[in-house]
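Labels for the chains are A, B and C, by order of writing; each one numbers its residues from 1.
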Amino acid sequence: MTYTKRFDGRKFDQLRPIEAKVGVVKRANGSAMFKIGDTIAIAAVYGPRKLYPSFLQEQQQAKLRCLYDMVSFSVTDRKRPGPSRRSTEISMVTEQALLPILDLSKYPGSVVDVFIYILQADAGTRCAGICAASMALADAGIPMKDLVVAISAGKIGGKICLDLNKEEEDHPEGATDIPIAILPREGKISLLQLDGNIKREELIEAINLVKKGSQEVYDIQKQALKQKYGGKK
Amino acid sequence: MKDYIKSLIEKDLRSDERKLLEWRKPIKVEIGVSKKAEGSAKVTIGETEVIAGIKMNVGEPYTDSPDKGVLITGAELLPLSSPDFNPGPPDQQTIELARVVDRGIRESGMIDTTKLCIKKGELVWTVFLDIYTINDAGNLIDASALAAVAALKNCVFPKLEKDKVKFGEFTKNKLPTKQEPITCTVYKIDNKFLIDPTTEEEKIADARLSIAIDEKGNINAMQKGGLIALTVEEIDEMIKIALDKIKELRKVLK
Amino acid sequence: MSRVLIKDREIVVPGEELIVGMDYLPAGAAFREKDKIIANSIGLANVGNRLIRVIPLSGKYVPKAGDTIIGQIADIGLSGWRVDIGWSFEANISMKDGSTDFIERGSDLTQYYNYGDYVVAKILKVVGPKIIDLTMKGPGLRKLNDGKIIKVNSSKVPRIIGKAGSMIHLIKEKTGCNIMVGQNGKVWISGKEPGNVILTIKAIRKIEELSHIQGLTDKIKEFLEGEKK
């Protein structure tokens, strides 16, 4: 094990500091900001609303459409404006991460649009986006049976860690990056991606680390929602 | 309804109790809102929110200006910021916004592009300025122009090593800037002029005139929008209004 | 014996466990999952005798028969009008339901309601999400000619109207404005003095903000009296 102390001094199962706020885009039906370490994501929900063209409409329920992108200056090496292959893939997996908890049956033929933008990127951006989107959907009043929590786990120098930052992701000896989204009550996984080099037992360890860490995020998301709606702290 | 807003404006009133030539409150400028950018700023005018950020790189100059750096301004009216914006390539409104903001900065001489030259004819700095709307509650042009200027004012050079940029490492050298242009867009509804419209006021406006003005009171850029034609007297009046109203924005920028 | 996990009038969020046990029935934005009752929307929880109801604090209006709504004429066809009521699909007013007057075939329908006109209508029936039939025949149903239309969160409409209309009467009395609240979250306000219209809007926004507290009518009364000074 060549990674004995994390670059920023955190424990291996410790999350970076988190800030969450609901209702940050006034024109949207629902919106939220989620900040973890130096990664900042904002999400806005519009809908249910009319879906054009009509041949895309679904008969039994509303359609969910997610768009994830990064602002050009959110990263060290400028990202050219416009959808990239990476943002297209992330949009898709984000949609699949959020669908299991949504009840879209009341609005057949409509669309619920979720827009996620990364304003500052320091690893874990798709996870931050999903956390923000989850709060934004609740803020918009879309019926949902739970929130979604997403955190990345990873393997660096043989050690399994929770919530990698950019420095860790870029570790010279290589890091395995595992973004995971979890439905907190059921404990089921709705997003799972991996790139790196890992054994089966290590992967299960990583998933369990995320499960444990998700409670903290879940509490923060709930708090942020209650704060906007006047609930007690 | 359209008539309700017009009936108020006829009496010099607005639905948010402002005067016709009054900016919304608060007007906020925050610097350094995005840490990976060489420069960034967020501007809030009322509920309208816009962010601007700068990334810098080096490259070859244009052949017709071998000793000048390059400024490229882009904008995105994010679908996140309004139910009226759709994802996709930039439309006319988006491109107009980027070009109008760019014109004000370029023509005011805010950035002396000769100072961005590293090796004449071979290597110059390129400044990528990108503007993103976060919440559209009206008057995106003025908010975007202000955010762009604030971001440029607080922009630092990244580290340069052997003619290549070391991304992620910043120097303490600020981008040299002079003349700061401020834009004020004056709107005409029936026979009244107003500034800083809300979304519903924008939708019923007959015409608008965006005017970028530098610290000496010189007009650096103008753009007329809207379907109704203006008389010369009206244009003169609108310029007078802009000259006066930019003072408040300039104070916030300092 | 069921275990109640939250207090009455507590704000709950989606996924929040409200009750463990089989003795209660879920109502509103709550559902039963095995032995637990869970909230499925951000809302206000009301714990009753054997009922736990979650009143959603956010969410789009879903049209239902019997509701009085305010809509905008979006399209005019040969035999009726299409109305935007804030739903994903437009609602219909057929010629026969357009007016208490008899409308002859081939008449110019714009004489009754034109593009962009706002109307107060009642939902006759809802057949699936795409077919919503409205009528203009009934007391109070009419075209709105002047005034201002604002959008409110449709979940807050009951609070804006108040018990037996108590809240809306209070506002009308204190501001002297004519007010019409559509179940779909559109509110029409008309007043001689623009100041009164603005005051009405302020009061309504305050109700939206404080909709979860008790004694709201008194608070709004205090607010309106304070502003009038």
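Structural remarks
One rule holds for everything that comes next: a residue touches a chain if its C-beta (ideal position, glycine included) is under 8 Å from a C-beta of that chain, and two chains touch if they have at least 3 such contacts.
Model, not experiment: these values are computed from the prediction.
Taken as a graph of touching chains, this assembly is fully connected, with contact between every pair of chains. Should one ask which of A-B and B-C has more C-beta pairs in contact, the pair is A-B. Taking each chain's centre as the average of its CA atoms, subunit A and subunit B sit 32 Å apart.
Remark: subunit B and subunit C have CA centroids separated by 39 Å (rounded to whole angstrom).
In subunit A, the positions touching at least two other chains are 49. Residues 24-28, 31, 38, 40, 42-44, 46, 49, 67, 71-78, 81-82, 113, 115-117, 119-122 of subunit A are the ones touching subunit B in the complex. Residues 10-11, 13-17, 29, 31, 33, 38, 40-42, 56-60, 62, 88-89, 128-130, 155, 209-210, 212-213 of subunit C are the ones that touch subunit A when the two sit in their complex. For subunit A in complex with subunit C, the touching residues are 29-30, 47-51, 62, 101, 103, 106-111, 138-147, 184-185, 221-222, 225-226, 229-232. Across the interface of their complex, subunit A is touched by residues 33-38, 40, 47, 49, 51, 53-55, 57, 74, 76, 78-83, 87, 89, 128, 130, 132, 134-137, 167-168, 199 of subunit B. Subunit C meets subunit B in the complex at residues 118, 144, 146-149, 194, 197-198, 201.
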